[in-house]
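Worksheet: the structure to be examined is printed underneath.
Chain nomenclature is as follows: A, B, C and D, assigned in order of appearance, with residue numbering initiated at 1 for each chain independently.
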């Protein structure tokens, strides 16, 4: 399409939507869909039909409070309903006509869970129908791409991203602008953009939610990246375990192609960009970029040594930019509102917002988007609503099997890349698993080691055999038959596996053990046959 | 003069043969050490305290377990001699199978007469064969299958003289 | 070709651009243990025995696949590296069922030699005693999974030099193992040319010639570099 | 000299091979279509058997051992036929914390089928998933493609019993 057509389309869609008296959004994310939200949507649609279509019933992306699902939003979150069932459709519609919400279903939307969040990436979730590109465009979608293509040079785009301070949201926090700049400098007729949607951390579902709720946000971010670095082909690598996300992305690509927002001569410029989806097949290690590339090439997902980095030699040996879903989802806001606006959110070194998936022993289970630098305590107690069933907070695991636990004494820590690392954990992709005072930290470490062991690709010895040995040692400790020599051996293995493994999976596999040892050493020692205090290091 | 013992757990006695292979050098050794307990001599009980004990064989049965624990208690310097004691070696090859399958194979499938596992006077096998140092602390390991007479002579010379053993001299399995 | 200068274990060295740390070390008689590396085959950096410390770089880098850079300072043998290499070897010895005494490759085995060089003469780790397959279906060769260290030299020589790609790796993690074709008996493989290259490059007694008894299997892998250079010169 | 390459013929006239073939054609029979092709085989046949692997490998000019290596690397692919009913227990962290281990234990106790196994009569397969992404519904299970939220050991055992009794999956 041409530049002006985007505005016309947006205006048309806004008018169309304005004709409705009300809009009812039913969450169609995986969580709510598993608790019959499609049926609820159908029931509400039937109800709307009965009353002459003055009300629009639409599917919307995840509203965050998954534990309260299925959720329904009326008129852009003016009223929020929780635990809705099909039989509530008539009551909800009647309430709408009377102007009185259905009291027993209402969930207050002025609680800290909602008010303390800052939604940049998730700004459209709960608002737009992820299956309709027109909804996305009506909210200003694809105007960032237009701005980049028609008003900015690739260098200016990269500069904007660099000065925004955006860092990779996949876990390691590498500066995004720097990565883009490196790939852009590579001389090659063919380059690739890859979106890493292989969200494999157990307990993390941020990326899934973004893909399901706002797929065009990712496509647009990727296209801007393609323009910036000089690539014409993009791939989204999604885990096969996310069928809904795959469906939404496929549909979104089809729509974008139809409107020529992907394809050739986008917005009448000479920029071409296409996106294909590639499916993962159940291998956590494919989140590692060289393994992911191998997988797209149809091979075993085994990582290879770096350098050369993918920026230099990636997919099919060509310079390749790999960013995570949430990273790409931040791009349009940066281009649209500017890097100064973006970097005003968060801390000096960790700018912007971060999405976290809260789960485990916490009252408000679900997805939240918060400014970087918020304290862990605010997340757990204000937004998360604290620990249920009268229990005490014990620790929170961030970064999944690659991360570590943070105990209660550090609840005031600022949630940013450096502060979490200093505590022996990592930001990770955004999973936060909350444990209460009933949790055994040795068992938590054992659980994560089982994960790393069975997800190890088997290529390098430290990870392949080391994780298996560490797993067995943890089991021995739990069985109460281990000695302090076994604990020492476990620690030796942790150090060696961390320092010598080929890729990030192996290098970070010991983290859950090391961090639980750091904060809860006494739990390990109490289980030893020769239980005696070991001198602190 | 120091006191010395040798112990035979689960192994083929090849390490003891290798000791005997020192031939006339044994006389040199016994000028400086008295053999107080060994399958090669006729002492029934392990003495109260021995300066130096060489152990051949892996720990395979409850009897081995009890024996090695007792030996460790009554020994100053304990040497794991040969691959069975150091790694489990050939006796350890049964560790991949359940004990019941091993017994079935040995006493039923391969029995020409009277098939059936013995029920009396045979100590039960433990689930997995273990090297000696994984059961009790060991002061020196001497791998080899068997360690050569020369290696054993070197090790004994040094230990009896109270000198350190250079592990590079004795490092090869097999 | 330009020359680069670097420091290795305190010594000032010069080397060709594009050389790996391992190549430079070998040329200068600095010993770095290797297992999955074999001259003439693509490096995979998998065994991690050759990891070295490079000043200014985080963590440890494999010498076999790290290319030298001007002014690089490399430490090939620190106390930490010795400790780690020993532990890596221990992991290998407990992973499979390595019974040197009865192995065809006894005294001619890279794994056994490495244990001597690194001083690994016992392990604190528990032996895993896995149940592993043997494949004696091939007319001339045998495979004993108990002795396989998953270095993938057989996979690479079969793919890169012979071009048959009969071997590959199945499964993942601690369950991974090498296979022929669709995990079929080797002797029934229609892709195998029976050239025996895999046997010669195997560092342990996992691949062997039939008829060899304990300690009789001597291997010779220098043909790999020879074939590679001959083929390259033909191109 | 170009090597003459014959397109491999499907193992049988089962219509499902057409789907597999179409998936490979979409990628121009390039070797990197392997994983996509295996997805299609699994979707169409429920599992990937040796003849399917051989067909796909031959069609894409991929070595057999490579195809086998890829098929066994990814846990999403199954080389064994699944039971008529399948129950996937989520073992993601949220579900683990809320007791997915107890679900597995109860199922094994009751039906004698452990994770990754299929009952001898071919009726029931038990699988685990790393994370279904339904952390708000923890512990979650998927019984014959339907998500069962917030399960207890008794509930899931009863649900499986019902499914087995009703026969059809």
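The criterion applied here is as follows: a contact is a pair of C-beta atoms (placed from the backbone, for glycine too) under 8 Å apart; a residue touches a chain by one contact, two chains touch by 3 or more.
All values derive from a computational prediction rather than experimental measurement.
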Self-check item: Chains linked by the largest number of contacting C-beta pairs
Solution: A-D
Quiz item: Rounded to the nearest whole Å, what is the centre-to-centre distance of subunit B and subunit C, using the mean of the C-alpha atoms as each centre?
Solution: 33
Quiz item: Roughly how far is subunit A from subunit B, going centre to centre by Cα mean, in whole Å?
Solution: 58
Quiz item: Distance-wise, how many Å sit between the C-alpha centres of subunit A and subunit C, to the nearest whole number?
Solution: 39
Quiz item: Between subunit C and subunit D, what is the separation of their C-alpha centroids in Å?
Solution: 35
Quiz item: Residues of subunit A touching 2+ other chains?
Solution: 283, 300, 457
Exercise. Can you tell me which residues of subunit D touch two or more of the remaining chains?
Key: 66, 69, 73
Quiz item: Multi-chain contacts in subunit C: which residues touch at least two other chains?
Solution: 124, 126, 169, 171-172
Quiz item: Could you list each pair of chains that touch, in label order?
Solution: A-C, A-D, B-C, C-D
Self-check item: Touching residues on subunit A, where the partner in the complex is subunit C
Solution: 283, 300, 304-305, 307, 453-462, 464-469, 472, 485, 489, 492-493, 496, 499-502, 507
Exercise. Please give the residue numbers of subunit B that touch subunit C in the complex, ascending.
Key: 80, 83, 86-90, 92-93, 95-97, 128, 131, 133-134, 138, 141, 143, 145, 167-168, 170-174
Self-check item: Residues of subunit C defined as touching subunit A within the complex
Solution: 44-48, 51, 59-62, 65-67, 80, 83-84, 87-88, 91-92, 94-95, 124-126, 128, 149-150, 169, 171-176
Self-check item: Interfacial residue positions of subunit A with respect to subunit D in the complex
Solution: 30-31, 34-35, 66-67, 69, 200-205, 208, 240-242, 278-284, 295-302, 357, 359-361, 365-366, 397, 400, 431, 433, 435, 439, 447, 451, 457
Quiz prompt | Touching residues on subunit C, where the partner in the complex is subunit D | solution = 159, 164-172, 179-183, 191
